[in-house]
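These are the structures in question, set out in turn.
Each of the next two complexes has chain A plus one more chain, namely chain B in the first and chain C in the second.
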Partner chain A sequence: MPLWLRLLPALTLLAMLGPVAAGLAGTLLPALGVYPAAGRTGGSVQPLRALLDWPGLAAAVRLSVTTGLVSTMAALGIVTLFLAGWSGTRAFRVLELLLSPLLSVPHAATAFGLAFLIAPSGWIVRLLSPWATGWERPPDVIVTQDPWGLSMAAGLTVKEMPFLLLMALAALGQSDWRRRMRVATALGYGRVAGWLKAVFPAVYAQIRLPVYVVLAYSMSVVDVALILGPSTPPTLSVQIVRWMGDPDLAMRLTAAAAAMLQLALVAGALALWRLGEVAVARIGLRWIARGGRGAGADPVLRPLALGAAGLSAASVLLGLFTLAIWSVAGFWGFPDALPEGLSGRSWMRFARDGGGAIAQTAIIAAVATGVALALVIGCLEAEHRRRRPLSQKGLWLIYLPLLVPQTAFLPGLQTLLLTAGLSSGIGPVILAHIVFVLPYVFLSLGDPWRAWEPRYATVAAALGTTPTGTLWRVRLPMLLRPVLIAAAVGASVSVGQYLPTLIVGGGRVETLTTEAVALASGGDRRAIGTWGLAQTAAVILPFALALILPALIFRNRRGLHG
Partner chain B sequence: MAEGLRLDGLCILRGETPLIEVDATVPPGEVLTVMGPSGVGKSTLLAYLTGTLPKGFAGMGRVFLGGQEITDLPPHARRLGILFQDDLLFPHLSVGANAAFGLAPGGPAARRRRAVAEALADVGLGGFEDRDPATLSGGQKARVALVRMLLSEPRALLLDEAFSGLDATLRAQTRRLVFDRARARALPVLMVTHDADDARAAGGAVLEMQAWRPTDRRAP
Partner chain C sequence: MIRSVLPALLLAAPAFAQTDPADWDAVTEAAEGQTVYWHAWGGSTATNDFIAWVGERVEGEYGVTLEHVKLADTADAVTRVLSEKQAGEDEDGAVDLIWINGPNFASMKAEDLLYGPFAEELPNWEHVDVDGKTVETDFTVPTEGYEAPWAMAQVVFMHDTDDLPDPLPSAEAILDWAEANPGRFTYPQPPDFLGTTFLKQTLIELTDDNKTLMQPADEADFDAVVQPLWDYLDALTPNLWRGGRAYPQSGPDQLRLMADDEIDLAISFSPGEASTAIADLRLPDSVRTFVLEDGTLGNASFVAIPYNSGSKEGAMVVANFLMSPEAQVKAQDPDVLGYGTVLDVEDLPQEWREAFDALDLGVATLSPEELGEVQPEPHPSWMTRIADTWAERYGAGQ
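Then we have the complex of A and B:
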């Protein structure tokens, strides 16, 4: 095996974990009062004290923990019930088809869409007014940005549900669930109860890491919290970003202390979740041992599961639709269900102002995805030539950058860049994006790569082709479709990144996502509709290419279809 | 080429357990058939010869081809042609490009095209160059795989249940085609099969393999 290929796995780990480790160190030091850029080298507890003196702390901490736990439990609950009640049915396949593309819709667009849907002056109220509600003016109630973070938790739930569902589906494929269910049904178990008792343990064991990722992400997300979360006080992560943006450098020390607290909170919540797993497993075993068939629960639970999953999918789709209407709306008074006229002004404004953001988004996504793809293909090829598959420990390493809260290490990374005298620009932003793009590209490409028939390599070698020749001339062309889909996944992750672009870019790198989220405080619904939709289009385009290109290139190669 | 293919004290181990032991020479133009039920490690023997032994297996002993030892050569330098039960035609390439994949690189494009065209015509597939391999019948695919392998000018031929996927008539035809070509080129052939018909048609020596049992252990 050539040396460069031998070194690739280590290089990949470095690209993925290096920034995380450096960022954590760069956060820890200022949190302890060490900040040479501001002339502080002694270390003190002052940052910690400033954090504890902040009056909003308790509420901010509570919000982070509750929104994270509630949305993760809700998303997992809906996925579990839906799989239990409906896997293998036609309704299931229809919803699966609807949900798969939703996976790539950016968080910000999902949150904006939901806000436009459920706000007091949102589409749902408009559709029901005034004939059902009697309202001629938007009701004076707080729905979005509610102080309990319920709408924020709802936004996270509908966004993370498709992700967990897809992960669970992959796990389900390896669980032999049909035969398990046949046994359970033959023994008289109801559909939901039988699935929960016979299949769920195998599925959950496989999706545990993705569930942890959802929990860690939901607890520390910033863009969704800015759009749907409360603002006085906001979640801890939003407050960290505010402090980071403060012109007073001392505030960065407070931000660093808060970032360490955020890290501790996520670690604590993960530990709590793990304890919960143990408790659920114990209770579940006792429940199984009691032998209840639970057949009577199906007529209640199955419609409930379908309703919840359908509602979740519908709220994202309708939200996007509402964004689309607003983006072309002329005058649209309350409570009209539709605008009085259509107008192309928002899109014309976008065409005038959006060019820079589109270019930046495309460049960052293309470079980050290209680098990640090259590293991942190298790692998988090294794995193939060593005939040593990825270990469980290796899988943890891949998930690690997704488990560390972004707000915990990105501020430190930016501080380090400043200290090192590096200008924060598009280069560091690309490096930061790679940290998040790499794991998803790896997870997306890993299975199809390993499922490739290795005897093709034997045949190619017998025909005198070197391993590298086989990679380029046989394996990559045969795997073109999964490679392009992995690239689309990577691009969609990059396009959707808000915090790395904002913080590592020092606020000077403008992408579709940073610009869209920046509109949140302004309330210009037409602009939000345009930018949110453009952001969504930016992730759908790569997926469309990933599906169309192989079909075109291999249109005369039936063996590569399906 | 004087010596053909020589397997000198070959022993394949799964972990610590010996799986299969072979000591044999296949003269040029002749066929050695290795027979036995599935699971005795016949395919593993071929994987050792091609240098693609899966993880968990180990091989001992030396392999000579035409007097030259190839035991430690990388797989792509061994020049052992292999045919599997599945045709394993590259699905992204046309029939012609699949065949040309075996040709040594270089030379004018026109000559390469002619070589492919002649080789395809030789097995009754003249004019098939631009076809999608997925549209061929099972027997046609097997013949393209044979052409691709022969164009790489191998120095020996390995058959891994190569005819098992074909029905009886096609099977006899394809078998004859392969053996004829191998004999014409004086290639030593090592055939692994579980079918006695294959062994009879080959007409060469037959090695019967049995599932290895602990009681078979010989004193070293």
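Then we have the complex of A and C:
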């Protein structure tokens, strides 16, 4: 094996974990009171004390934990019930088709759409007012920004559900579920109960890490919390970003201390979840051993599952639809179901201002994805030639950057990059994006890569081709479709990044996402609609290419039609 | 030989980059070809449009490329300059120009993060209304040429005449109306500057001792001075939108609530904002504005240049252009921004005086006479402490 190929796995790990480790160190020091720029060099417990003195701490911590746990449980619950009740049916295939593109809708756009849908002056109430509700003015009830974080948890649930569903579908393919279900059905088990008892354990074992990612992400998300979450107090992550931006420079130290607390919270919640897994496994084993057939539950649970999955898909799609209406709306007051008139002003502004952001978004996504793809293919090829598949430990390493809260390491990373002289331009932003793009590309490409029939390589070798020749001329062409899909996943992850672009780019790097969130702070729904749609389009385009290109290139290769 | 010259050249380089602001020809010459990254709040499409126009003009006239870095919060730029200082990036930082005032300015000036003095050397300073407008102090902190003014702001209240036809003359009248119409008023959540402005405005209304507010808060009996404000808010809060359990997060967020008919009364720091928003279809055309009988708070918006900008000359060119009659007329046009001018209009050449007189200020904008008395901003320490105590009583600590 050539030397460069042998070094690639180490290089990949460095690209993924180096920035995280360095950023954490860069956050830890200010948390301990070391911050030369503000004249602090001695170290003290003052930042920690300031954090503990903040009156909203208990509520902010509670909010971070509850919204994270509730939304993860809800998303996992809906996915599980939906798979249990409907996998293999026509309704399932329809919803799967609807949900897959939703995976790529950026978090911020989803949250905007949902906020306008469910607010007391939102679209649903407008459609029903005043003829059905009698409301000439919107009712003064708290829906979005509720102090319990329910609307925020709902937003996270509908956004994370498609992700978990796709992960579970991939796992389902390897779980031999049809035969398991055939046995369960033959023994008289109901559909849902049989699936939960015979298939779920095998599926969950494989999606455990994605579930952890959803939990860690939901606990530390900033953009969704800003749009749907409460503000008296906000979640801990939002407060960290606020403190980072406080004119009083001493607050940066408090922010760093809070970032360390956020890290501990996520670690604690993951440990709690792990304990929950053990408990559920125990109870589940006893439940399985009791042998109840649960056939009576199906008529209740199956419609419930379909309703929940359908509602969550519908809310994202309707939200996007309202964004589209807003982007061309004239004045649109309550309780009008539609705007008074149409206006192209918002799109004209976008045509004038959007070019730079589109170009930056495309360049960053293309380079970050290209680098990630090269590293991942190198790693997978090295793994293949060594004949040593990825261990569970290795998988943990890949997931690690996704499990560390962004607010915990990005501020430290910014300082580090500046010290290294990488202060301007989009280079550092691309490096930061690679941290998040790499794991997703790896996870997306790993399974199809390993599933490739190795006897093709044997045949190629027998015909005198070198291993590298086989890679370029046989394996990569045959795996074009999964490679392109992995690239599309990588590009969509890059397009959606908000905090890494903002913090590492020092605000100099404008992408569709940073612009959209900046406009959100202004609350102008026309601009939000326009930029949110543009952002969504930027994510869907690579997926469309990934589906169309192989069909074009392989139009005369029937065996390669997926 | 070469080895001994090189360090000297490197040391000399920063000196070359610093053109004397008083030598305007040298400034414009050095500015040509520079790119200026202007960090300014990006939440308002009207402001973004205006800055894009400024970019076209300085590009055409001076060859300066202006890039608007749209911030969600001005303090992000302060953070950036601070991080750069920490990392030793003293030559060519990311920020060349910041839209700034109040506590952010006080903080950057105190930490030596600003370039200057430069503002009073700029050619267009001559028409600035130094006597009539608060352009040489920023929240009582002397600017000393470290920031250049470009817009005047004054507190007005926007009311939806469909639901609240008549102006309310005082803070007490606002409370009475809110108690009679619960859920129809709110203000942006402090520490948002507009929310804090509402608190300061109310305090000025309620207290008899405005002189104390000009001193640092630590030098006064803070609790006693501010107590009337908390008594007032204790009565007002249950009658706010959502019973005070949620607040809009910014001024424009508050406009959205008004457009959605969730509230009927909102504070603004720009007399022309309502007219601009009506023209931009962001507010219903039934909205009008009023000021309180005893006058309302006013201040100036400034631009400042960080000490480590690599394009200081270009930044000065932009700052100077912002003070030009051309830019000031444009900014005061309600179809554009509706911001008050920093210039002494009477002192201008006739063509520009006429241009200002010809402006139609818009349906919802009060005339300069109607705006009445301007009250000065309290010392920035009041803003910070009031916002902190507010958070404990009504925000994070509720």
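Things worth noting here:
The rule is short, and it goes like this: the second predicted complex is superposed on the first by the 554 of 562 C-alpha atoms of A that agree within 3 Å, B and C clash if a C-alpha of one lies under 4 Å from a C-alpha of the other, contacts with A are read in each partner's own complex, and residues count from 1 in each chain.
One rule holds in what follows: a contact is a pair of C-beta atoms (placed from the backbone, for glycine too) under 8 Å apart; a residue touches a chain by one contact, two chains touch by 3 or more.
Source: prediction; values computed, not measured.
Partners chain B and chain C fit side by side in the overlay (superposition on chain A).
By the document's definition of touching, of the two partners only chain C reaches A:523; chain B does not.
Once chain A of one complex is fitted onto chain A of the other, the partner contacts of A:401 are absent, as it touches neither chain B nor chain C.
Counting the residues of chain A touched by each of chain B and chain C gives the higher count for C.
Of the two partner chains placed by the overlay, neither chain B nor chain C lies in contact with A:149.
Of the two partner chains, chain B is the only one that A:466 touches; chain C does not reach it.
Angle at chain A between chain B and chain C, computed from CA centres in the superposed arrangement: 140 degrees, to the nearest 10.
In the superposed pair of complexes, A:9 makes contact with neither chain B nor chain C. Contact with neither chain B nor chain C is seen for A:68 once the two complexes are overlaid on the shared chain. The gap separating chain B from chain C at its narrowest, counted between C-alpha atoms of the superposed chains, is 47 angstrom.
Shared contact residues of chain A with chain B and chain C: none. For chain A in complex with chain B, the residues that touch the partner chain are 387-388, 453-467, 469, 473-474, 477-478, 480, 554, 556-560. By the touch criterion stated above, chain B contacts chain A in their complex at residues 47, 50-52, 54-55, 74-82, 84, 86, 88-92, 94, 101-102, 104, 132-135, 148-149, 152, 154, 158.
Note for the complex: chain C touches chain A at residues 37, 39, 42-45, 48-49, 52, 67, 69-73, 75-80, 82-89, 92-95, 103-104, 106-107, 111, 182-183, 189, 191, 241-243, 245-250, 252-257, 259-262, 280-282, 284, 384, 391-392, 394-398. Within the complex formed with chain C, the chain A residues making contact are 35-38, 54-56, 59-60, 119-121, 137-138, 140-142, 144-147, 226, 230-234, 239, 244-249, 252, 329-335, 343, 345-346, 349, 352-353, 414-415, 418-419, 423-424, 502, 506-508, 510, 514-515, 517-527.
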